[in-house]
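Worksheet: the structure to be examined is printed underneath.
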Amino acid sequence: MAVCVAVITKENYPLYISNIPAANELKFHYTVHTSLDVVEEKLSAVGKTASDLRELYLGLLYPTEDYKVYGYVANTKVKFVIVIDSSNTSFRDNEIRSMFRKLHTAYTDVMCNPFYTPGDPIRSKTFDNVISSMMMQVC
Amino acid sequence: MLRTESTKINLMRPLGQPALACAGYRWRENYYSHQRRGGYNIGVRIIEDFLARTNVGRCHDFRETADVISKNAFKLYLGVTPTVTNWSPAGDEFSLQLDSNPLAEFVELPDNHTGLSYSSLLCGVLRGALEMVQMAVDVRIVQDTLQGDLQTELRLRFLRRIEESMPAGEE
Amino acid sequence: MTVYNLYVFDRHGTCLYYGEWNRKNTTGISLKGEFKLMYGMLFSLKSFIKKLSPTDVKEGFLSYQTSKYKLHYYETPTGIKIVMNTDIAVGNVRDVLQRAYSTIYVDFVVRNPLCSLDEPIQSELFKQKIDAFVRGLPFFSARVT
Amino acid sequence: MEREGVRMADEALFEFLHMEVISYIFKSLEKDDSDNGKCTAKLEGMGFRVGQGLVERFTRDIPRFKDELDIMKFVCKDFWAGIFKKQVDNLRTNHQGVYVLQDNRFRLLTQISAGKQYMEHAPKFLAFTCGLVRGALSNLGVNSIVTAEVSLLPACKFQVMMQRA
Amino acid sequence: MVSPSTCNEWELPPELCCRPMPFVALMGLDMIYNAVHRAIWEAFSANRRTDRVPQCVVNVLPWSFLQRTSYEWYIPKGILKVGWMHKHLNVIPAVAVVFFELDWDEPQWRERQSECSTRVEIVRQSLQGRGTKVAVVLIQKKAPLPPGEDLVASERAATLCTACELSAKALFVLPHTDHLVGYIIRLENAFYELSQGYYHAEARKVKSHKELLNRTTHQLLFVRHQFKIGFFCELKQDTQTALKHYKNAYSHVHELRAYDTNVLEIKTFAGFINYKICRLCFQHNLPLDAISNFRKHVDLCKTKSGSSELAFEHAAWMAKQLFGDLFDEAIKLGLTAIQTQHPGFYYQQAAYRAQDRKKMALQLCKPLASVAYPLPDPLETPNGKLDYFGQRPWRQGHQSIDPPDPAREREGILALQWHEKAVDHSGLIIPLLSSAVAQFKKYKCPRMKNYLSKSQSSMGNYISTMLFNYVLCEYRVERWWVILTSILSTALKCAFLMAQVQDYITISMELLGRTSTLDDERKSVIQKNLMKVLMNTCPDPEPACDEAAIEVAKNLWKEPGSVKSNNVITVEMQNYVPFVECKAAFLQESFSVDSPVKFQLLLRASCPFPQRYSHLSVTFNNQAYNAHCMVSGSCDSPCSTEPPTEGELCLLVGKVQRHDFSFVAQTSDTGKAIEVRAGKSAICIIKMFMCIQQKKISDHNNSSIFFRNTFYSPMPRLALRVEHDPPALSFELFRLRVCTQSREEQPVSDVQLTISLQPGQDANLSQTTHVTLDSNVQCDDSFPSFLHNIPLGNLQPGDQVEKDVFVKTTLVGSRIFLISVAYTVTAMVGDEEHHLSCRCQQVRTSQNGRAIFVTQVSFVSLSQFEPMTRIYSDDPFLLQTNILSLSPWPITIARGCFQLQPPMASPDGDPASQLKQDEIGSDCCCLQCPPVPDGQSGIAMGTYTIFWKRFFACGSSVLFDEKCLLCSSVLVFTEMPAFGRVREVLPVRFQLHNRTAFVQEVEATVTASDAFMFSGNKLVRLRILPGCEQELLYNLYPLMLGFQALPQLLLRLLHFPGATNEALHRLLPTHIFVKVKMF
């Protein structure tokens, strides 16, 4: 299950970061923030190379000794990052994919909330629920 | 791909409006009344559109109207079929219950707008539309998912029939 | 067979549109007066029929016919009334009028934000459409026999 | 026939809503000052917000864009079709960041007139859409200025000027 | 007491890390006396390039050869002897080569031959039956004949071989002819062959033991043997097989049962083997294998942490796996790494481990304070070093589950902890981090780099916040507040520990701001502390500092230098969100001169307690207005946190405080934009620079002229009309044409015109208004402000008379004139004739004189073109007069001239130009003021006169205000380009002039700036002779874009300690605009 889920704007500031345990919030912030390096690198490849990834899902960004960091960038350059405890190896790639899909959909709905101003930190119960379901979800 | 979205899209449409409502209308009441007025204007026109699409004739009684509203109108425009319930014994009042309110599908009221009755647009529409078919009704929201209720419930009360009158200056 | 003219009245009796095709002689009175009379006639006719009818009428009346012309009448639940005068050879044109309403009135008046619903129609587009529509009718013929 | 009906229906809902919003804005602003500039600006703003939301949804299942042109194509095809049920008829560009989207039968104008009548009213029915496009593009990371021009209803041209940072 | 074995127990031994090469020993070469031998030796040893076979040749004298090491067979006491690798690398040769001078046609062959054989014998002796190959090289003077021809040779060779018990293969001939190297290389290859043979044999010797081993007792030996075989293979340059065996060895290591007593040994050795494996993998260009292997290794060993008292050992060991280095080395040899897989990660990992180690060490070694270092030192070993790798000095070779002597064990651990305590961990961590940083930078990971350099800079007790800054702004820009806050907190801690007031305040202010994610409780602590600092007292210590440090800090804070000395601290706030936010706005886009300018200031505090402040001032680009926008309150106890009392300036939490100012703009600012920099100063310590607003003062809208006719009865019938085209300009002769037309039926006689100012207007108008009939008359004060009874003669019915009256106003302002005409008319009343006189047509005409010019004089420094409040003797400056024409009609400027008071030098050049409305002409001259006797502070500058014309020549003049004149001892002139470009050198030259009569000693320092690197001395002292000048040259190298603060040149005049920098720095540019680099 995911230990940290983050939504980051195209300007690279966080809209939403949730992590368990809440204690090492800072650590996760760093993990996510640094992962942006890889994301940007991968993105910059798009269009340049013939074999660029047109898929929104970027796959494994980089593994630290205790985490696996996965990335997904929507067409609107909104970045989603999911951190997974490397201890549970049971994760299939497509499971991660589906998680991202879920995340993206949830985000889209937030965007469609007329009372949400794009660019503001996300404060939405529905969204929270989706996230927590992803963090709880047993694999 | 977009086909699948198409239902969603029409729901995106109202998106701009509350935004505007919030901008222009600080006070809940005003928002409310505005939405109703706006709704009314829409209703006045949409009824014609409705009749043109489904040439349902004039209804015999209020029950039939209720039926048409839920089975045809809501289905046609919002893709949902609310259940008609809670008839008053006199048969002049009933409720439309929507398990999911398409207008408010993505809406979450911010803290400073709790209690804003977002969907009052619908009331206006219904009032306007029915008035065009000679039915003066009063519509109000009694339950609203946005307010934390399990479902959205519109209450319609039949006031009177508007009789067609001979234009003035006729002998 | 031919079409003489066509009226569109709103629920308050204002004549939203009047179109005239192979109408030969005109009444002495002004169009305005004519509209008033026409509406008054329809109105009273309607209520009269309602009173006479053995059962509750849904559509009001469809048409009446004199030796010279035939008046076709179509009313929507919202009280939009479309009246078309043709020669007597023309049969039941209810569906035609209904089409006029649903495909032309609704599309080019109701859905045109710039047309208010209770004033005579200004929209050129509407006028073109309705004219084309009438001229396109099978029983319309400019030939005056 | 039925689903056709449905498709048309949400169409209508949009139209009515759109027209109501416009009339509201113009009414509400008449009091203080009736300069259309403010009104159109407001409409444009609303369109912008809606565009942002819509594009988020529309682009959810399509592969990443290669470049600007790719984006514009998307706007002309999927985006347009998603909202107006038809594609833009013609897209032209000078390859210096100016694109012209031409719609010969622009949905929001078809009902109004075919010709010069009501020409003076055209702008307010385009403002929202300008906003839509600008919003969509900005959310796709392209800042632009979108203007519309009408020479003969219901045809109209939207000009998109990219704002290079 | 740190014994060699322990001090670097975690370093891998060099003999492990080096690349093993066959070891060949050369003997019998006399380097000192024999040139030939030396030549040969050099040929062997010198320039061993890769094209030659890998070989390590050593020259040894046979009779001092290796001492025998016992090699008997025993129950294993450990995995590998410490000396083993060394022995085989540098002690036991694979080939021992005996050099001997002997020609085939040697006269006394026999003797020499036996001599040779004895030499060989000795060598054999010293080798003691080792498999070392022995070879003989005959150094010969003559070039050999082609083989087979020289029968003598072949025959003697044979005998020699038998004598020395050599195989013919092992006998070589080295004729030292011209192409020596060629021969040498051939020899080398031969030796190489031999060495291969040797190591091969060794390897299989070890293998052969295998049968004798049994799993129970000899587990260690499995590892050892595999390792040895591997090592021999490596020596044999057969890396493939070597790798194979190492891998076996590795798997064996992990088969060993690990328990506290031997886990260290196992780990150590596992580390060794792993190192070898990874190294070889890279060598074979199998980086992925290497990586996976390393991963496996780490995973396997993670768990083997050993005894808890020595947890830090484990961490240390983990940190010392050197994979990063290996990886990096491989890359240097042409391997390509990628962003997600490069040495950086491994350095980082290592660094983390090292940090863990530090942590554990800290907590494990705490209690030591009480305990003494155990004696005898358990870490001492008889021979000063271990016999086996990774064993405990106090129980070497001991291979059982529990320690033989628990007490000793405890002591040993204690000792180790002692040593650990002595280790400088930061010293270990920082290099790792920095190499990680380097790597991440290389592989395009700015953020990762940032992150690491941050953790790097937070290493150690205190790093100047300067170091943080560039990291900080990264996070600011990307708006990662949580991270930012955490860093700031660290920074604050540092600032506290070092009593850096400036930093402390700055940081606190940001931490109190909206963007910081601290909770209120923490914030309130910070605010309290901030207050304390502002009240010159030591703030409470930051959480989680150790006692000792706090004590030190406290003293630092007490030092006078810390707070009191600098009672004004300026804090630059542009680049972050401080805890007091400020917004300034003019209420209108533009104001007209006659209406007051309304200006609003909004303040909001985001700190937990109400924040007092002593006064509030707004700085406009025109100082004149500053005075209008000031608030100051009775601020007795600025730093208390109680809610405010009356009359105090205090920002309540979360409340927006509004200050409204309004003032009347100066006419001279007409059409100008007023800029404002709103600044809040808290307890006159902190300045904040805030947003800048623009506003225009609109031109005074010109006055309208209006008539009012009042009729009398009997109604006089005389039409009176006044023609003029307003507005009138001050100083000009403004023409009023008065037309009088008779409407009487009768002729009228002695018509008289009277014109005067309407009474009840400003008194001095009469002084400043002149009315005349003659345009040529130069107005002077003798002229009255009114004329009366100007005869207009008689008028026949219907005819009209015109009269021109000229008005000159010297003062701006509107005037109302009364124009009246009196006449007499004869009228018939009844039948007798009356002469009735009418005074009629009072015409009030308002009419205003109005300024034509706004002439504004400004003094501008030559260096920065900034307005100066004061001028300095001998310091040339510009006198600039801006003439703005307000007249709706073109005004022709005849000339303008300065009339300067001495000692001002008179300028040359007059403007002759025409100005349309709102055009600005400016006249400018360069002035210089010679030094004046002291005591005279102010000096009058003179006047500036403009001669202009519309209809009639007029003149107006402006008086410059006095300037106070200062004497400056040293002047600085700066030469630098108008702007810089990023990463392009930007030369700056400072010229220091000594204006005084005596030698000046100047100490020039240049402060660092984030935005620039610069070359040039940071601190210089130079003496400047009277009237002479000195140059300072700097090459700046801009790093950032935009309007950047330049490195500041600070000058201290050693003779004038008091001399403020202000006097000098007015001459120095402070900022420069840096543009993008050109491509």
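Order of writing sets the labels: A, B, C, D and E. Residues in every chain begin at 1.
Rule of thumb we're sticking to: a residue touches a chain if its C-beta (ideal position, glycine included) is under 8 Å from a C-beta of that chain, and two chains touch if they have at least 3 such contacts.
Bear in mind that the values here come from a model prediction, so they are computed numbers and not experimental data.
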item	value
Contact pairs, highest-scoring chain pair	B-D
Chain located farthest away, centre of chain C as origin (C-alpha)	E
Chain A and chain E: spacing of chain centres that average the CA atoms, whole Å	33
Chain centre separation in whole Å, for chain E relative to chain B (CA means)	62
Interchain centroid distance [CA atoms averaged], chain A/chain B, Å	39
In chain E, residues with contacts to at least two other chains	none
Numbers and ranges of chain B residues touching at least 2 other chains	12, 14-17, 19, 45, 49, 53
Set of chain C residues in contact with two or more other chains	107, 111
Touching chain combinations (by label order)	A-B, A-D, A-E, B-C, B-D, C-D
Chain E residues within the chain A interface of the complex	298, 339-340, 345, 349, 440, 444-448, 451, 478-480, 482-483, 486
List of chain C residues in touch with chain B within their complex	11-14, 36, 39-40, 43-44, 56, 58-59, 76-80, 98, 101-103, 105-107, 110-111, 117
Complex contacts: residues of chain D adjacent to chain B	5-14, 16-21, 23-25, 28, 42, 46-47, 49-50, 53-54, 57-58, 61-62, 78, 81-83, 128
Residues of chain B defined as touching chain D within the complex	1-2, 5-10, 12-17, 19-20, 23-24, 34, 38, 41-42, 45-46, 49, 53, 76-79
Footprint of chain D on chain C - complex, ascending	107-108, 111-114, 122-125, 128
